[in-house]
Amino acid sequence: MSSILRGGRLAATRKEAVNFISSLHDDKRIAHATVLVNEAHVIALTKAKAISKSDARKLLRALRRLEDWVPLREGVEDIHVLIEEYVTKQVGRDVGGQLHLAKSRNDQVVTAVRMVLRDELLEVSNQLLSLENVLLRLASKHLESVFPGYTHLQPAQPISFAHYLLAVGDSFLRDNERILETHKRVNMSPMGAGALAGSSFNLDRALEAELLGFEGLIENTLDAVGSRDFALEALSAFSITASDLSRVAQDIIFFSSADVGILDIPDEFASTSSIMPQKKNPDPLEIIRARSAEVTSNFPAAATMLHGLPSGYNLDFQEITPLMWHSCDTLNSCLKILAQLISGLKLEKAIAERDYLQYIAATEIANILVREERIPFRTAHRAVGHSMRMALQQKKTLSELSPTDWERGLGMRVSKKMFASIAKTLDLRKHIEYYRVKGSPNPRQTEAMILSRTKRVQLLFEENVHAQAKLERSLTKLSSTGKKI
Amino acid sequence: MSSILRGGRLAATRKEAVNFISSLHDDKRIAHATVLVNEAHVIALTKAKAISKSDARKLLRALRRLEDWVPLREGVEDIHVLIEEYVTKQVGRDVGGQLHLAKSRNDQVVTAVRMVLRDELLEVSNQLLSLENVLLRLASKHLESVFPGYTHLQPAQPISFAHYLLAVGDSFLRDNERILETHKRVNMSPMGAGALAGSSFNLDRALEAELLGFEGLIENTLDAVGSRDFALEALSAFSITASDLSRVAQDIIFFSSADVGILDIPDEFASTSSIMPQKKNPDPLEIIRARSAEVTSNFPAAATMLHGLPSGYNLDFQEITPLMWHSCDTLNSCLKILAQLISGLKLEKAIAERDYLQYIAATEIANILVREERIPFRTAHRAVGHSMRMALQQKKTLSELSPTDWERGLGMRVSKKMFASIAKTLDLRKHIEYYRVKGSPNPRQTEAMILSRTKRVQLLFEENVHAQAKLERSLTKLSSTGKKI
Amino acid sequence: MSSILRGGRLAATRKEAVNFISSLHDDKRIAHATVLVNEAHVIALTKAKAISKSDARKLLRALRRLEDWVPLREGVEDIHVLIEEYVTKQVGRDVGGQLHLAKSRNDQVVTAVRMVLRDELLEVSNQLLSLENVLLRLASKHLESVFPGYTHLQPAQPISFAHYLLAVGDSFLRDNERILETHKRVNMSPMGAGALAGSSFNLDRALEAELLGFEGLIENTLDAVGSRDFALEALSAFSITASDLSRVAQDIIFFSSADVGILDIPDEFASTSSIMPQKKNPDPLEIIRARSAEVTSNFPAAATMLHGLPSGYNLDFQEITPLMWHSCDTLNSCLKILAQLISGLKLEKAIAERDYLQYIAATEIANILVREERIPFRTAHRAVGHSMRMALQQKKTLSELSPTDWERGLGMRVSKKMFASIAKTLDLRKHIEYYRVKGSPNPRQTEAMILSRTKRVQLLFEENVHAQAKLERSLTKLSSTGKKI
Amino acid sequence: MSSILRGGRLAATRKEAVNFISSLHDDKRIAHATVLVNEAHVIALTKAKAISKSDARKLLRALRRLEDWVPLREGVEDIHVLIEEYVTKQVGRDVGGQLHLAKSRNDQVVTAVRMVLRDELLEVSNQLLSLENVLLRLASKHLESVFPGYTHLQPAQPISFAHYLLAVGDSFLRDNERILETHKRVNMSPMGAGALAGSSFNLDRALEAELLGFEGLIENTLDAVGSRDFALEALSAFSITASDLSRVAQDIIFFSSADVGILDIPDEFASTSSIMPQKKNPDPLEIIRARSAEVTSNFPAAATMLHGLPSGYNLDFQEITPLMWHSCDTLNSCLKILAQLISGLKLEKAIAERDYLQYIAATEIANILVREERIPFRTAHRAVGHSMRMALQQKKTLSELSPTDWERGLGMRVSKKMFASIAKTLDLRKHIEYYRVKGSPNPRQTEAMILSRTKRVQLLFEENVHAQAKLERSLTKLSSTGKKI
């Protein structure tokens, strides 16, 4: 126990117990923010006439010296006590002893955590937008590149590589939305809530919030220190992003398997085996997949910690914070590597020529029967299905089927015109131009989607820059207000 | 396998396998929505001239007959096939065989799931608001009722019961925000995306979306059918709400324990023991606590299902849907019971008289030393802590301490005025009036909070009604458009 | 609240609250076991002279009538109260009122749950053994069938299909071990523990345990009713089995993808698409994969419920029980379907002829360099790796490489003998015979493994039959002891 | 990528990607074991005549130098490559290049992980046994100390503190059983399995297993490297232990709350508040509770990573290993602190005198009515329940009830003898002597339980020492065999 807490309520102290509960290692991350919170609090105390201007000046000067670096040392509970210790060492017990007036570690820690978390949320947002840019750039080169669309891990219908990339990108854009909505709720100030009940000093909580760059207050003081739904929310936003990441990683692992050979990952993002000389293993993608599971699991870990926890501050909260840092750090490193890897992906050229992929023209062949022969879709579906089964049994590709084969397979007359139409659908390059609905793989549709998303990403980047700038103005004001006292 | 899918690609079928994969039991929930989706699709097909108006009329008539009830029967994969079967039985194979033209179960099911989910989200929102109203009403009666505020499950500082209730309510209001933001993202239409690539018919996806009451499109067709981040988001919003529920349940269980005796729960929400005649057990609260864990666990269950799942539709998605229904049903029933139970809660009257609770005046005693004796807070904190330890050792209540006792405890002279000040803080009823900061338990602060939240809840209720009404107008338009063909 | 609990401690009752906490729906599963527990208890009460023989006879007769069927009815808390109600209706209040003497729902429910769970554990064991038998039978036909072994989803080294199947089977045998060890710890009797403290009647707990077929006692009475680690253990054993299931399902989905085409699943275990006529989707495998996630998630769900739960019985326990039934039912149905599906799997014949699979001979080529040319392995590894890269760039299969190509690739002289050795490894059928270590894909090794596992499975089946028979003898004794009173 | 893997299959390398996938940081933990695995492998290679004795001697000498310390350096994938690098640097490329012959990182890493894990399992077992000893010692001092037994967090029946402590201890003894059964399955050797298919060199896998101290083989080579059910099993055994820990922590937090005041935790295991001078917070217990949630969450994290993972080695496995270290380290530190804290717990003396606790005599009062007045239990239960309600309404303690009060409450005549019997049950000290069943709080029962468990713990400690000694003999043999070459 820090000496500043000794000699009061408790008779004894034990180093082992203090080290067991100490959060100091994780507190590095909030050290800077905690110093700023102390500064804002000193300003508010001064304004409330709870401390003298002269004391305030001394406290602020001491705090400013800690802005860049708070040296950690063992045997101390946390950064909050440590900062009070350092300040007291500088300014003496009489002045330093006022630093913790009308505040508690309970409000201070959650304020600092929210300050760091809001920055991290913006950083994840920026990484998501960078990845989206990579996807859009690659998509713009592959508007007409045939790509097999899958359902149930079976080739289903021809799409373009651009269309695939846009689908991936759209999920990341929704992830970004969730991240930013979380940011909005995180960026509210609990400061001034004290241990749980505010205080009898006339602290201006709105001023503290403003100087620390928050958009508003967590008003009820018990709620401010005793709730961690904001942490669950951040962890869930990170989790959903991770889930999307795991699916892209899995896709590329599958597409680049030697059996499938649709995508080729850059050599520098692969590893060979220490024993099997032919191997080109997609190691970074497997790591992304595995780490995404760690990120998604941080949510239930925190939810279990919070399960049935009594109201008010409980030290269990302390263990939730590092889960958030772990999640955002993991996400950021995965997003970075994935963006680099994707920008080097190569699409196998000859996909449209693969015999077994001709089968994915089947839906459109059924559509042709509907459009050109006025056959009900369900009948067409069955007839085409039957033809496929026949062709597979005869080990024929679809383009090897003669009109007679088709007649036998479909169980109907096949005109020359119809045979020609069928042949056309088998050319998968042309096939994707048949799609007509909004959002489909038709190159005109994908082009429009790329355009609109490129603009949107630009806008979102700008908003993040704006949010960051606004925050910096607040912190500048904090600094100048402190210096003016 | 339904007969309508037989005779095509696959040679054989097996009842056991069909029953194993069948989602029919869970599909009851989306039956009605699925019928509506079919109706909107028939209208779009007609507009696209893919089917004749006469066929459309027949299909729509048959569908309308299924609006109220789709009789389930065994041995069928899902509701989608079943509806096509029923329609075909009514209108014959030629017309019925067109029902599935240019659509897939993949887009149909996710559209129907989103339609039901958006309703459920509004329902959870309404339940949250109802509970908040109960909390606000109870709070308004207890502005000045002393209540021990806790940290670390130890009595910490005096607050009012109203302040406690407001803290609980504010967490539910944030839950409501998340629920509604999820609603916004859920209420987008994937319809028209087909299996994954849209179709070669000129379907107007925006029209389908409008007739089904959606606010916009999930544009990319692969994304529309192959993503389930919306399900994870809903599950996480439900989870966080459940986490908050578990904490309130735990609080009331603790407060109503015979050892604590701060709250008394209504007899009709308690159970006795089958063997111990004296018992009054808080059974419903334990069930709420336990079920909240089920709800929070549905998130990792779904995240695990989605972990590393390939792009496009996979049947694994089918198992995610019932997790959402389970979560919202559980939440709704818990929220309802909790609201009833809380509205019957009785606060033990004599709390402020309990000797051992006098200790929670300690912070304010230290504040008095700071304010009146100009002692640094940290010194005051230590002195008061030391006094507490002394009193406990002597098994004295604080009001039993004489001025001399205080002098010994605090290690300083204690003037008459100071002794009087200390005595005043020990009256916990007056104590809560000393709090000055925004959001604190001061009755004026809690009164203002009750007022603002009451207004806000009213507004939120109205917005939900408005959203519901807008949706109904869309569905009315769907119906009338169908009838006009 | 059941009428038998009314009129005592609590003044009021509310149907809504009773229905909310009622476990009756889930209690169906333990109804029979609960009747037996009551019978054993009546016998013990008689032996302890707590009730008269005449009363005992009446109670036992009434209980026996409920053995086959306990009709459920609404508005009752649970099966325990319901059985007491039915018995009381039959024998009158004076006799029926003795049924609950010296017992509690707390000990009764956990005894019944353990009784059902031990049966379920044996059933899962039997299903696992049946699946293992299917794997062994299939393996015995494929000792020499070449199969690509994978690491990182990349073809790695040639193995046999039998070797693959044995690997799968061995994981299920370990699952079986865990299931049976759990069975051992589950099959201990908590009966007689009362609410938490046993009772002042001289109940013979060992007799109760024996009559109910248990192997011993959970001795400490508080532990007996207040612990649920046995439930967590069962859920974890189920989870690990589910995890293994998900991996097999994933493998077969991948191996049967059109791009890979190594395995063909039976038509009756596939589904086609409602829109894409060519599709053959591995639906049951996707359902197995998804449901395995539900099973693994039941563990954290229960762990969250138990997190920080106070000692003694809490109603939260009630929600853990259905998680166990859900897990074992899901597992059993998945294991059954998987066994059927696997027994119909067809291995694609021409695997050894696939050009791109020649690359998996690479490790052995490096080994040849080591053995025949005395080159250090790491040098050989690099040289072979370089050759592979060259061949891929030239789009050549390995058998197309000339001696000169090899010389250039390996960077060394290639003798005729060496060229011949290399050529031999490229014949994957012969390749698998080179393996020499224990447990390798060498057909002699796999044959020995099949033999030993076949014997072991036979033995394990017999042990399960034996355990079942022993249990039935106990229950017969319970019945005859009851009739003799 | 380490230089030893360059120049082969892959053209390019990228530091960022290597650092991203590197496991080096976590590999510190398995460094020593990995060196030993290499030594055993060199011996087996020598015996198989795959390498010369002279080379073997050089390799072993180089490896022995790394036994104590493998200096880590950046930019390397893992410890395996690093060790090969260091050895090669010492003995040159010709000899060093043979180190990786006939082995793979796949079998090497899982062998080393199992070696470290088996030690950790024994360590957790020892910690559990130490804690059990603390519980038994404390229990032996409190055979007759009255303690309220709880159900539903409501005082239920009187037990002794010893009985409570024994219940806690028995759950830890079952945890220990699971830990040791896991140890048995973990302590099997996968070594010699190579990448997945063993090798064409005649390696003696049984010898490798024996030299490394394993009890047997994971026979099938694909299974040996491609399965991680052992990790899930270890994580689940750790999780269940953690769940039990969280419940004890919660109990002591509750029992030491100022409102409850049944237990007093030692000052050195409490913290005060930085603002509230009276606070004595149970910080270490809250940290134990929170960290137990981290441990239980490591199981679903790993299960999610394994969900649907293809057979064979995948790099995802790498992320599972640190979860195990995290779990066992967390457990060990929590078990240690808890043992210290519990050994300093003080039981509040006056428990039996608390008025409100008299109510927990109710069950026995009903039993008296049954025994002495021949009233059916259910009738007695209702009558006593009604008396309790009456007493509570009149705010009377039970000993304040006059015979007339009892007559009114019970609705029956109350004889002098009966009144005396009731009065006796209200003396909770005597009350616990009435219990008669095995495992109950009767002091003779608890004394017997303490005795049997004390012996058992002694035996279990000895078995762990024995297992450790056996292992050390194997490693000594490994060393001497190596030196004899």
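A, B, C and D label the chains in the order they appear, each numbered from 1.
The rule is simple: contacts are C-beta pairs under 8 Å (C-beta built on N, C-alpha and C of every residue); 3 or more make two chains touch, one makes a residue touch a chain.
All figures in this text were calculated on a predicted structure; none of them were measured in a lab.
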- Lowest number of touching-chain links that must be crossed from chain A to chain C: 1
- If you tally the C-beta contacts, which comes out ahead, C-D or B-D? C-D
- Rounded to the nearest Å, the gap separating the Cα centres of chain C and chain D is 23
- Note on the structure: Per the C-alpha centroid definition, the whole-Å distance linking chain B and chain C comes out as 34
- Using mean CA coordinates as chain centres, what's the chain B-chain D distance in Å? 35
- Query: Which chain A residues reach two or more other chains?
  - Reply: 8-11, 84, 100, 151-153, 156-157, 194-195, 254, 272-281, 283, 286, 289, 293, 296-297, 300, 303-305, 307-309, 314-315, 363, 381-385, 388
- Note on the structure: Residue set of chain B touching chain A in the complex reads 4, 6-11, 50, 84, 88, 93-102, 106, 149-153, 156-159, 163-164, 166-168, 170-171, 174-175, 177-178, 181, 185, 192-203, 205-206, 217-227, 229-230, 232-233, 236, 239-240, 243-244, 246-251, 254, 289, 292-293, 296-297, 299-300, 303-304, 306-315, 363-364, 367, 370-371, 376-379, 381-386, 388-389, 434-442, 449
- Considering the complex alone, what residue numbers of chain B touch chain D? 151-157, 253-254, 257-262, 272-283, 286, 300, 303-305, 307-309, 356-357, 359-360, 362-363, 365-366, 380-385, 387-388
- Report the residues of chain D in contact with chain A in the complex, numbered from low to high. 1, 5, 8-14, 16-17, 20-21, 77, 80-81, 84, 100, 103-105, 194-195, 266-281, 283-284, 286-287, 289-291, 293-294, 296-298, 300-301, 304-305, 307, 314-316, 318-320, 333, 337, 340-341
